[in-house]
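Each of the two complexes below includes chain A, the first together with chain B, the second together with chain C.
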Partner chain A sequence: MTLLDFARGPAMQWALIIFLAGATFRLTGILLFGRKKPLSPARGNARLEGYKTIVSRFMPNAVFHRRIGTVHIMSLAWHMGFIFVVLFFQPHIVFFEGLLGLSWPGVANSIVMPVAGITLVLLALAFLRRINHPVLKLLSGAGDFATIIVTALPLVTGMLASAHLVLKYETMLALHLLSISLFLVWVPFSKLMHVVLFLPSRKRLGEKLGYKGVKA
Partner chain B sequence: MSDRMSLGERLKLHGISRRALLKYCACTASMMAMPPGMVSAAAANLEKLKRPSVIWLSFQECTGCTESLTRSASPSIESLIFDTVSLDYHHTLQAASGTAAEAAREAAMEESYGEYILIVDGSIPTGNPGYSTIAGIDNLSMLKDVARGAAAIISVGTCAAFGGLPMADPNPTGAVSVADALPDRSIINVPGCPPIGDVITGVLVQILAFGDIPELDHLGRPMAFYGQNIHDRCYRRPFYERGLFAESFDDEGARKGWCLYKLGCKGPVTYNACAVTKWNGGVSFPIQAGHGCIGCSEPRFWDKGGFYQPISQTTFTDRTQLGIAAAAGVAAGVGATLMARSKQKKIRARLAEEESS
Partner chain C sequence: MSMDKEMQDSFAMFYGMSQSLKGLVEPVDMEDEERVRKAKQVFLNKANRDTAINLEACVRCGLCAEACQFYIASEDPKYTPIAKLDLMKRVYQRELSPFRWLHRIFTPDITIGDLREFQPKVFDECTMCGRCSMICPMGIDIAEMVHTSREAMVEAGLMPSELDYMCREQDGEGTIFGANEELLNFRLNDLKEKHGVEIFVDKPGSDVMMLTSGLDIHLFTDALLGTIRTLDHLKVNWTLCSHAFEAANFGLLAGSDKTQKHITMRIVDAATEMGVKTVLTPECGHTYPAMRWAAAEISGKPLPFEVMTVSEFFGRQVMEGKLKLKKIPGDKVVTLHDPCKVGRHGGVFDEPRAIIKELGLKLNETESNRELNFCCGGGAGNFLVQSAAPVRKLGFQTKMKEVNKTGAEALLVSCGSCRLNFEAGKLNTGDTIQVDSIAALVGENLPD
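Up next is the complex of A and B:
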């Protein structure tokens, strides 16, 4: 069995098994977790505020624009770039089609590659900020840095594989697939779980605040 | 035809001029990335060449490799060169059979011991000696016997080079490659199913002209022919970069000659000269004919998922385990929640009891 055979077969299969079991375990536990019923009457439409918060949290509140606006936009751009590369690079669509049976139109490599490059630069800036910012440095643990590395690896190896650089294509493709496997395994055990949790947690927060009549 | 005649004399006899031989050598040298100065040296060496002995052993194979070499559209210099080597034993091509054929092999081995070239096509069964025999001799014994006196050993075709189709899962005959059967010998692998005829003769010409083994890659393949992957040399590569793919074999993309990646083309992970040398005198190659590369010059190409499965897809087909994993995760989550709630309930009851007392 070659490295690529291993990466396309058992490695990806086990990574998906761990990802699915871990993510569904955490998600179910969080969704079913018992909460106290509020004693006061509702002062707003909790459900509506829940849905509104999912959208409104994509941008910071106006009062924070000056302080964190740039960082927030960079963060948003990083996430958008990452999702764009994952969803619209043609070989990725083929991967999802094989896995889910769903397909959608992709874009040319000449568009995906610069987006991937910019995305990687943004991630590098986030990493530099984290190690230089006095507060972030105090808040960051080994897991945070590991998460950045685990997220960067698929981007780096994917770009190198696509450009046929450094190592032979099949070796780099295998490393790319293995880095994705590592990413999938890392998700349930790290802050990367926000990939799954950001929607329910935003909705829950919006509902809680909305119930009290606070505009989220 | 006298065995003492040189190759130059033989070519003259067939009406092939020295200029034509030089042209052929220039073409071969450029294919093998040799410096231009080597062309005249190669031609001179070939001209002087006296009928070298070649023994061709065919084991578990389909004869496609021999077909590739011999079914050229028109008589070529390479076919004449191949005619000129003394093919002392090839049980598909030789007229003799049975005892006479084996006697010819033994005579050739005795006469040219230590000098003959051994070409093997087909894999070697090791599960049972009786699976494949020639004149009552099992393949492994014959290979070891003939290899002992060979100056060079060339594995022609993927079966000989890497085990090929006979070695495909579940490998019922215990097939192995020549390299695995002869671990102490250096083997030149010329894989492909079949290999390109020009590549077989190109490798042979280098050995004959210079008496040395060409530069090989980590799989024992001559770098000159197997140094680059097909995707890098494919004329459809620009369509890959532009994101234009054929989705089926009869759609608009297929008619317009777009990239065959989504139809399972293995060009990006296959090393061969198909996109450069092409087949049938440089006329075409599988991708040009509209079918994706199946990666036939790579080890275990039969067992790397489906021929029509794109290489970025996973190779496991059973999704049941994924469903079970998700269900197990949900079940464990529900279980953990129930346990937590039960614990919460007990704590609340205890607190209430403490408060009341």
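Up next is the complex of A and C:
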């Protein structure tokens, strides 16, 4: 079995199993906690505000733009860039088709590669901000830096593999697949779980404020 | 209306009294191990699905700091809101989280040193204003968890002595600042003699049970008078209850479950016994969530009456066309402070604005208004805590920067604690803006 065979086969399979089982276990464990239903009459529509908040928190309120506008735009661009590269790079679509049986039109390499490059630069800036900003220095632990590295690796290896740089293509592709496996395994045990948790978290705040007639 | 000579004298006396509470009670004597055990027990008992989602969802982006008035004024990372939850998070991760077996390897247990280090973080350095939740991209309710952290400190015997004193007075005498039934009667008779208002105490068959506060009895008598005048004008069938008139709830502010429950149930029981339809809370910010949102939970069943705060009650009367007010002449420009507990934590926004419009005043909003409003700087009982003074000043600076930009001649508030904090802040910073009570303004501008 070559490195590529290993990366495509057992490594990816186990990574997917750990990802799905771990994420399900963590999410179930959280949702199994109880919560009392409020007894006071509501002033507003809690459920509606909950759903609205899931969407509205993609953009901060205008009053915060001056303080966090740049950081927010960079963060939004990073997330959109990452999702774009994952979903619209042609070889990724082939991979998803093999896994899910679904496919969709891809985007030319001449567009995907620059987007991947910008995304990687944004991630590097996020790293620099984390090591320099006083608040982030206070909050950050090893897990935060590990998350940045684990997230950057698939981007770096993917770009190198596509450009046939540094190592033989097959070897770099294997490293790319292994880095994706590492990313998947890391999700349930790290803050990367926010890809799922942002939904109940935002919804719940919206519900709590909406119940009181307050826009979240 | 600015403070007249009588109120200025009262303010000087009352403010002096309120700043002299430190050390009036003996610190709680408890073994260190017991303090840690009790604090952990609170974190464990209070954990629910909201706590779990919130603590698991944080990505440590630090944006919450950018909404905090203390951080904005100082740029000191120690005020970062989410960092105040570290102890709670550690207990959650080690004892309750789905991956607790893994967290126990990397996450140290909390110690007495941690509790002492975090005590000022959850008291002095946070007013639980909740503005941080409004910026958080994950929607984490930090204020609620700071409240739980305060509860843990209280159980561990580490409440600031000023708040401890207030809780003990409320537990024992049922009063704040000694404002008992005798003093209430003195104040009511004084208002009756000077202003000819009708006073009702323990009147059977009343529809509305009005609450007041030691702050209004001692100091902000204009707010009390305005409320009574307006109720009389509206021909509301109202009463005060001689054994349940004090609205302030230092249990809620300090994080003392026992005190909060005791004070809440005294009001709930009295209102239920009198069969009133409405309990009217005074211009006392935290009283509103204590009664409007928390009282039913404490009672364990829905309340048999509705709860409204003064600005909400009068504002609705204005909005329904039942309360007309005289226009204040001179195109006066004002700005409005939405008290955190009435606004962001209460949902009362439109009603005070309707009153301002009815009074013919021009409202220049602060840049951060309604649910995004800045705290006065001294909320959650911090206006009494001596060690919180420097932090209060930071919060006040942030607030006043926005207030001053409005160009308003007066700042209107519907919370006595905020008003007290604004008046005290003005003394320290030299700000001169007039600070007025909404209830007082309504009472002074009733049609003849």
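Going forward, the second predicted complex is superposed on the first by the 215 of 216 C-alpha atoms of A that agree within 3 Å, B and C clash if a C-alpha of one lies under 4 Å from a C-alpha of the other, contacts with A are read in each partner's own complex, and residues count from 1 in each chain.
The rule is short, and it goes like this: a residue touches a chain if its C-beta (ideal position, glycine included) is under 8 Å from a C-beta of that chain, and two chains touch if they have at least 3 such contacts.
For clarity, every value in this text was computed on a predicted model and none was experimentally measured.
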* Specify the outcome, clash or fit, for chain B and chain C once both structures are aligned onto chain A. => fit
* Have a look at where A:Thr157 lands relative to chain B and chain C in the superposition and call it first, second, both or neither. => neither
* Is A:Arg26 in contact with chain B, with chain C, with both, or with neither (first, second, both, neither)? -> both
* To do: Could you say whether A:Gln13 touches chain B, chain C, both of them, or neither, answering first, second, both or neither?
  => first
* Asked: Of the two partner chains, chain B (first) and chain C (second), which one does A:Glu170 touch, if any: first, second, both, or neither?
  -> first
* Asked: Put simply, what angle do chain B and chain C open at chain A, by C-alpha centres, to the nearest 10°?
  -> 170
* Asked: Between chain B (first) and chain C (second), which, if any, makes contact with A:Thr53: first, second, both or neither?
  -> second
* Asked: Touch check for A:Ser201: first (chain B), second (chain C), both, or neither?
  -> second
* Asked: Which partner, once the models are overlaid, touches more of chain A's residues, chain C or chain B?
  -> C
* What is the contact status of A:Gly213 with respect to chain B (first) and chain C (second): first, second, both, or neither? -> second
* **Touching partner for A:Leu139 - first (chain B), second (chain C), both, neither** => second
* After superposition on chain A, the shortest CA separation from chain B to chain C (Å) -> 7
* Structure fact -> chain A residues contacting chain B in one complex and chain C in the other 25-26, 28-29, 33-34
* Asked: How about chain A: which of its residues touch chain C in the complex?
  -> 25-26, 28-31, 33-36, 38-41, 43-44, 53, 57, 60-61, 63-64, 67-68, 71-72, 75, 133-141, 144, 189, 191, 193-194, 197-198, 200-206, 208-209, 212-216
* Of all residues in chain A, which touch chain B in the complex? -> 2, 4-5, 8-10, 12-13, 16-18, 20-29, 32-34, 90-92, 94-95, 97-99, 106-110, 164, 168-170, 173
* Asked: Hey, which residues of chain C end up touching chain A in the complex?
  -> 47-54, 56-63, 65-67, 71-72, 75-78, 80, 82-83, 96-99, 102, 133-141, 292-297, 299-303, 306, 343-347, 367-368, 370-372
* To do: Write out the stretch or stretches of chain B touching chain A in their complex.
  => 229, 231-232, 240-243, 245, 261-262, 268-269, 299-300, 304-305, 309-316, 321-322, 325-326, 328-330, 332-334, 336-337, 340-341, 344
